[in-house]
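By letter and in written order, the chains are A, B, C and D; residue numbering begins at 1 in each of them.
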Amino acid sequence: MTNFKSLLENYKVIFFDAYGVIKTYNGLIPGIKKTFQWLNEQQKAYYIITNDASRSPELLATAYREFGLDIITPDKIISSGMLAKEFLDLKVKKGLVAYLGTENSAHYIEHPGLQTLPLTEMNEDNINDITALVLLDDEGFEWMDGLNKAVNLLRRRTIPAIIANPDGAYPLSKRDVRIAIGGLAWMIEKITGKKFIRFGKPDSQIFMFAWEYIIKLNPGITKKDILVVGDTLHTDILGGNKFGLDTVLVLTGNLLPEDYETRIFSSGIAPTYVCDSAVIEKDLIN
Amino acid sequence: MTNFKSLLENYKVIFFDAYGVIKTYNGLIPGIKKTFQWLNEQQKAYYIITNDASRSPELLATAYREFGLDIITPDKIISSGMLAKEFLDLKVKKGLVAYLGTENSAHYIEHPGLQTLPLTEMNEDNINDITALVLLDDEGFEWMDGLNKAVNLLRRRTIPAIIANPDGAYPLSKRDVRIAIGGLAWMIEKITGKKFIRFGKPDSQIFMFAWEYIIKLNPGITKKDILVVGDTLHTDILGGNKFGLDTVLVLTGNLLPEDYETRIFSSGIAPTYVCDSAVIEKDLIN
Amino acid sequence: MTNFKSLLENYKVIFFDAYGVIKTYNGLIPGIKKTFQWLNEQQKAYYIITNDASRSPELLATAYREFGLDIITPDKIISSGMLAKEFLDLKVKKGLVAYLGTENSAHYIEHPGLQTLPLTEMNEDNINDITALVLLDDEGFEWMDGLNKAVNLLRRRTIPAIIANPDGAYPLSKRDVRIAIGGLAWMIEKITGKKFIRFGKPDSQIFMFAWEYIIKLNPGITKKDILVVGDTLHTDILGGNKFGLDTVLVLTGNLLPEDYETRIFSSGIAPTYVCDSAVIEKDLIN
Amino acid sequence: MTNFKSLLENYKVIFFDAYGVIKTYNGLIPGIKKTFQWLNEQQKAYYIITNDASRSPELLATAYREFGLDIITPDKIISSGMLAKEFLDLKVKKGLVAYLGTENSAHYIEHPGLQTLPLTEMNEDNINDITALVLLDDEGFEWMDGLNKAVNLLRRRTIPAIIANPDGAYPLSKRDVRIAIGGLAWMIEKITGKKFIRFGKPDSQIFMFAWEYIIKLNPGITKKDILVVGDTLHTDILGGNKFGLDTVLVLTGNLLPEDYETRIFSSGIAPTYVCDSAVIEKDLIN
């Protein structure tokens, strides 16, 4: 167990996971605001690297602001949805992009030259105009209709299929989870035999995207100056390690103090460090 | 390519798959009625071995009768739902059995000592009384609610989880398919890390169940006297082969005359014979 | 935790797993001899149901006799190799059967009408005469040569491929395991895209095979009279449960007293009972 | 079908796959030399992006030179082994790195501060000093010994396990393949439950590595200026597409002119273009 504050001293850029590190289903992690204030004072750079493609960075930042964390501005947020957006720009360019998700999530596929279509509105008249399928969020559509349409679209058309949140499930309460869009994608892949292009941790492309973004703003930075903070071995830690970054596991989300060692051993995924939380001064009121 | 009628001469008992062999989304395969009439005249035994657990054998037979095929009586139908029923009798015995499916499919879990509960009615008051989960049909429940409840039930309780139709999808029209309850089960398994007990082809337990049933009615029968007729390599043919039975692939369902050879080669699953259909006299009006 | 002896009172037939229940890498489980003596005295039937297809029942019984357990005669042993043998009899009948394993394991494929060929002797002259491939044991061949030949045989020929021991690995010492033939088969399947026909627990066909065998010798027996004793959740317990039999987990093999509850919870595979061992009188000298 | 030469006009940088594009088991693709001469004349940049980690770029270039293709110098070759090397530098730093492969492949793990150990020399004395496992080549070790040691090392130690060639098999002749180190890794993963860190196509990190390398040498280049040339949908094309690059499938390797359309449709992986080969002037003698 390492002290989080003393660990931060050794790095110039910190990549934070959002869920389980900064916030949970209950709201902000108590005391986390102080961490960001201190980072600001120390002129250390920090970014939120998130698989949450349900809303734009602007809306994600608004949610933090409503919690009192106005220090996390949209330019500090790198979401897997931004990689989906770049992919559509480079590889799809035109036509009708069908999506599963809410209207808010469709932000990532709005692009000059592209029209968007909620997949549930697909029909025999427009199916042949669809040039890509993007899975953004588990909300915003009726599952039976949307999932069957996704299967039949991919059976009939050879188009890129993108999933911007590869997580299988996410916590809904202390006890229960909810199936995420990444979990729904597994089923569609298995039934159709076609693979989604997955953006988001543990795939290292999101770290590469972040890396290219920050080297412009923080010239001279090397990979050794970056610390990844996460609560999940299979996404944050695995992806950060693979990209060559130092990683720290915090125990405020997915893993409990009593079982993190077993989980590290059974998965073989080892963070560089373990800290109880990403909070630097616990005795202070948030 | 073998002539189906001359093939039948060599066997005393015929196991037919239903979908793709006797009927399709369009109704009965033209001419199939004659096949059953001839089998009756020849005093050959025939059974329908089906993964369809959406309705009782009585209701399945009613559907055939409505098509004019009253020769297929309930005692001729062996459904994977009957194996689920036997499992509950032997291994669960009492308590509340939660299910996903229509009320018709719940037939298979009605049993002295057991109460049934549509999974969508699960709540904090009854979750601890549930002693088994059975997935019967993709219809009859709202997917978002039902699937999330299935995931959380299996995360919280160590109970048998049974799937009575392992198929991932089924044809809805010449072009489109629909996700089957077996496809939904894959996702639940992957998210929870728990495995469903699967009854139905290709698992050989349904052939064993049929075998035990028919040896009482057809004493002296050996495995060499039985022919399995199916349209799907991965279910009917694989399962029949594994149980040691001769198998014939017919080309009225899943596989087309132009690609069955490629599919046999790429899967490595070879039927003993191939026939164009299970119809014995094509020139006659059905 | 249940007392094993009092549990036995309720059953007429006992199915024992071999490895982890009767013996380990160290030899016999201390005291196990007494269990079989008592079963004999009580005129309860017992059978060894094993995935070990490396040797014939006669040679397996010889090994028990050398340990002083002459009470386990060949007729008490049902091995997955016997199912492979039945399959070849019913479905292959003639030609050249290639195998991976020792000469002892080839016992199961010796059959009138069939010639056997160690797969490492496959060449361009005989490859087209091969009518089946059987994987029996991880010993008896050079892996690089044998595994590459298995891959290329299955790529070029559409023939049944059988694996008579589906286990992925087996314990070699308190600390180490050894890759089993079932583990090698996973790789061959993934590379070729073709599936082996798997005989052996957890597949229920071995229990069905045992069931058919014992009902002739023990008329009037029902499934409720049988108890399956095993040390592994994913093979013995899962397979026994699925076939509708009562199951007891013993803690002398794969699972330790301190973690069996976690493993039952995380896998969702629950035995009917748990006992510390299959030994009935621990205070007696073996 | 597009003309390869006219396609090249639109790009400034070309990423070539090696096997199936430049060479096969028979030696160089006839006429390919002319392609590189023309690229040189046109001052277009070209790089070989390869999953072959069996030898250093220097030795790979030597092999091209022996074929008369001295235009492919070591600085033009980017191998997945180079990513493994970078990972060890950033994340392992010191200790004993065990490997499977030939002595030539060990090039990639030689590094100040690191000692290398052929995995077959692992024993009870040195196992606790091992800080990483790297799988480099399917040759250079006895499989039974090496694979069992890999399984037991990963069961006992929580260390990074890296695979520098994720391919499952590679062609050995027109008809036969050979299991690659990536295929062996699948089995080790499944048996141990631990995941290798995979470097090499289709993972996009190798394209990112190449991208960072070339932007220094070719300032002002954008992703739209790069063309990926490959013969395999699941590696070159999938990986190139995901990274946002234009891709061209050539039919001199894995896919034949008669079935590439079926394979694109069934996999859902579509190249931007298809060309018969990467040869620009077929009528000229190589």
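Criterion: a contact is a pair of C-beta atoms (placed from the backbone, for glycine too) under 8 Å apart; a residue touches a chain by one contact, two chains touch by 3 or more.
This structure is a prediction, so every number in the text was calculated from the model and none was measured.
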(message) Using the contact definition given at the top, which chains are in touch with both chain A and chain B?
(response) none
(message) For chain A versus chain D, what separation do you get between their C-alpha means, in angstrom?
(response) 29
(request) Would you kindly tell me how far, in whole Å, the mean C-alpha position of chain D lies from that of chain C? (result) 41
(message) Can you work out the whole-Å distance between the CA centroids of chain B and chain D?
(response) 45
(request) Check each residue of chain C and list the ones that touch at least two other chains. (result) none
(message) Quick check of your reading of the touch definition: is the inter-chain graph here a line, ring, star, complete or other?
(response) ring
(request) Go ahead and list every pair of chains that touch. (result) A-B, A-D, B-C, C-D
(message) Give the list of chain B residues in touch with chain A in this complex.
(response) 138, 142-144, 147-148, 151-152, 155-156, 168-169, 175-179, 183-184, 186-187, 190-191
(message) Give the list of chain B residues in touch with chain C in this complex.
(response) 86-87, 89-91, 154, 158-161, 192-195, 197, 203-205, 208, 223-224, 238, 241-245, 264-270
